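Think of it as A, B, C and D in the order they're written, each chain with its own count starting at 1.
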Amino acid sequence: MTETPIIAINYKAYPQAFGKKALEIAKQAEKVAKETGVIVIVAPPFTELYRIAQEVEIPVYAQHVDPYDPGAHTGYIPLEALKEVGVKGTIINHSEHQMKIADIHKIVTKAKKLGIETLVCGDVPEVGAAVAVLEPDMIAVEPPELIGTGIPVSKAKPEVVTRSVELIRKVNPRVKILTGAGITTGEDVAAAIKLGTIGVLVASAVMKAKDPYKVIKDMAEKALKALE
Amino acid sequence: MTETPIIAINYKAYPQAFGKKALEIAKQAEKVAKETGVIVIVAPPFTELYRIAQEVEIPVYAQHVDPYDPGAHTGYIPLEALKEVGVKGTIINHSEHQMKIADIHKIVTKAKKLGIETLVCGDVPEVGAAVAVLEPDMIAVEPPELIGTGIPVSKAKPEVVTRSVELIRKVNPRVKILTGAGITTGEDVAAAIKLGTIGVLVASAVMKAKDPYKVIKDMAEKALKALE
Amino acid sequence: MTETPIIAINYKAYPQAFGKKALEIAKQAEKVAKETGVIVIVAPPFTELYRIAQEVEIPVYAQHVDPYDPGAHTGYIPLEALKEVGVKGTIINHSEHQMKIADIHKIVTKAKKLGIETLVCGDVPEVGAAVAVLEPDMIAVEPPELIGTGIPVSKAKPEVVTRSVELIRKVNPRVKILTGAGITTGEDVAAAIKLGTIGVLVASAVMKAKDPYKVIKDMAEKALKALE
Amino acid sequence: MTETPIIAINYKAYPQAFGKKALEIAKQAEKVAKETGVIVIVAPPFTELYRIAQEVEIPVYAQHVDPYDPGAHTGYIPLEALKEVGVKGTIINHSEHQMKIADIHKIVTKAKKLGIETLVCGDVPEVGAAVAVLEPDMIAVEPPELIGTGIPVSKAKPEVVTRSVELIRKVNPRVKILTGAGITTGEDVAAAIKLGTIGVLVASAVMKAKDPYKVIKDMAEKALKALE
């Protein structure tokens, strides 16, 4: 029995992350998921979560969540807010939105109780291993210097991926390990999977693509082939 | 010619700020606005903005916005995101979500270009006057020690309100001045208006009310009477 | 062969943390260290480090350090600044000054190269274990709800201490484990050591004491006895 | 009667900001001050304040200060800490260390009571004017895009300087207005003064100079000439 590969699409705050275009990309991601069986996750901005979660059946994630309980917290989004709009999980600690370690722990623990999945990012393998101790559902190790460059970590720095897998597995045998930063093509995804991860966290490669469907489809197909 | 009074309702992240209850309060606010002519603003969390902006005709505000342009900013909400979901304005620098002065300036300036209104909070009259220099649409001075207490600033510390009006008017003759913190009843609103403001920023008094409609209606009616 | 117990004194920004009084407490800590052989660490504010490091031979630690390299960083203190004033180590991630996990990693790694010791705090045992993966020299687990209360974690919540030891040891066999929060007397220290730690992080109990020497001496003696 | 020009030297965390070199630059600054009568302020890092304040008679400033009162604030530096080491003032809100507007107000107000001078930075003229309302002793407007570039704001963007003077004077007739960013030579200082300021905030031009004395001396002499 093999695991199912995962492609998580971080919309960030790109112009394409809002409105019609945002929904369109989610629909295309859903199409690929249905055609290939690969798990495709979309992570739009807070303001788009409701609309997209209404329209697609693939997992919708937030890009961040705040470590507060419901109450007097103006402008913050607690986990309960995500649950209310039908969101299935959340990215946290992205290198563009880093968190205190105590808050990561608080969110991962509470998310489990609420049935919300957590994908925690780390900038280096050691940080990936540190957060693995907190037992999130997924970890993505992304060297910030490659994010948005189109230089794929899985090819340019394969040792980051293998070391992530090695260090994380020492402290946590179950967590799903993704990699990210510069992942652009299906081949980059295949390389990541061959190095021992179960998938990738991508952003600009999909969000800025002329034909996002084509990019996601290529990634999904190559991911499946790499797992054979 | 008299100005129209303003009641701005900050949903914060109270349990009532999400889902059905959130929409219900917005509908009740809209009803009061239609019945009285008072401007009633609702400010739900990011995740609820789309849903509520679709359903009501009164101004919907965000509770906060991030000082970024669209781009690679995971988990942040730029002004453009608000525009996309039909939001008319945004609160910023609430005492529970304070900002750097340079970011307040950046947001106020850019919001004007995008046609989004800004309601900037300050904790003391002097801070209200400082932000008044940046020419937002509205300023609310709220002493944090009274927020959520039910002890109305307009009655317990009237000098905060009069001093806010005095200091702000010295540097900005146009900005609409609100007050807030502990505002609970129509009488508190009337007191605020008699002290020279044009309205109030409220939260728990409406959000935690058994009958929010009744509370808002009372505030609106007393506000109108105070202006006569 | 037994280990030497450790008493780390966090001066915080108490009125006694500055000037003459600060130096006096450091001298008393040194006296206890010389009389008992216990390792007594003093952690004064940045502005007092030079003066105290000149005057005592016990280890002087900073209370925090910033994750920057030397350069254009106005108002921040890099590790190199600590080295320059003769500081031997630094506390980081105290619950009153929490850090991003990536920054904790950066500091711990760089401190090793510079020969500066690191004492990383965590609020709960799980967070202690997460930072243990990063291989600092010492870890102190301190439940924030007990900090400054005089209710000793080692007596009120012994399970926090035993669980910290258990979880940290799973991922790191070498790091020195301290505990803290509410530690007031020599007996509290003894209890902490009997639960498997090698010492304590204390603050108000020493800083606000009429006779700091007496308090530190009692802690040191009871610590030694507990290790017998 | 003319005012005395001011040259404020922000040491930042440059390698030259620590230890012997830091003291040497302070001594050279003092020499220029004595020779020319110009006010030369040095702003070393927290850890160097004591040492330098002991050795020179010119004003020593901190680069930042935290908005806390003495107490349980691990790793933070309250205004009282500065007073204790003989510091005369503090820079705050530098573009590399920005603050919430409420905290700027708190610090400026409290500093006055303690007899500590405040030099508040702003990134644009409007922000300079906003903080001018809070009545600090000095304001420095520094466009961040020019900081550290060697392209002097007073020559490349003179309109930033004139607009700063214009907007700040509207709300505050007394505050001393400095400018900064890219200021490298005496001529840049002269240009700044001719545009209506009373001095400059400099950093790399002095800190990285082969002969800091020569640079400061040139700045002081040209400043005096510009004021004639």
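Assume a contact is a pair of C-beta atoms (placed from the backbone, for glycine too) under 8 Å apart; a residue touches a chain by one contact, two chains touch by 3 or more.
These numbers were taken from a predicted model, which means no experiment stands behind them.
Counting only chains that touch, the fewest steps needed to get from subunit A to subunit C is 1. Chains that count as touching both subunit A and subunit B, per the definition above, do not exist in this structure. Subunit D is reached from subunit C by a rotation of 180°, derived from superposing Cα atoms (nearest 5).
Of all chains, the one whose CA centroid is most distant from that of subunit D is A. Subunit B and subunit D have centres, each the mean of its CA atoms, that are 37 Å apart. With centres set at the average Cα position, the gap from subunit A to subunit D is 45 Å. Across the assembly, subunit B contributes residues 95 that each touch 2 or more other chains.
Pairwise, the chains that make contact are A-B, A-C, B-D, C-D. Interface of subunit A with subunit B (complex): residues 10, 12-15, 17-19, 45-51, 62-64, 68, 70-78, 80-82, 84-85, 91, 94-97, 147-148, 203-204. Residues of subunit A that touch subunit C in their complex: 93, 95, 98-105, 109, 122-124, 126-127, 129-134, 167, 170-171.
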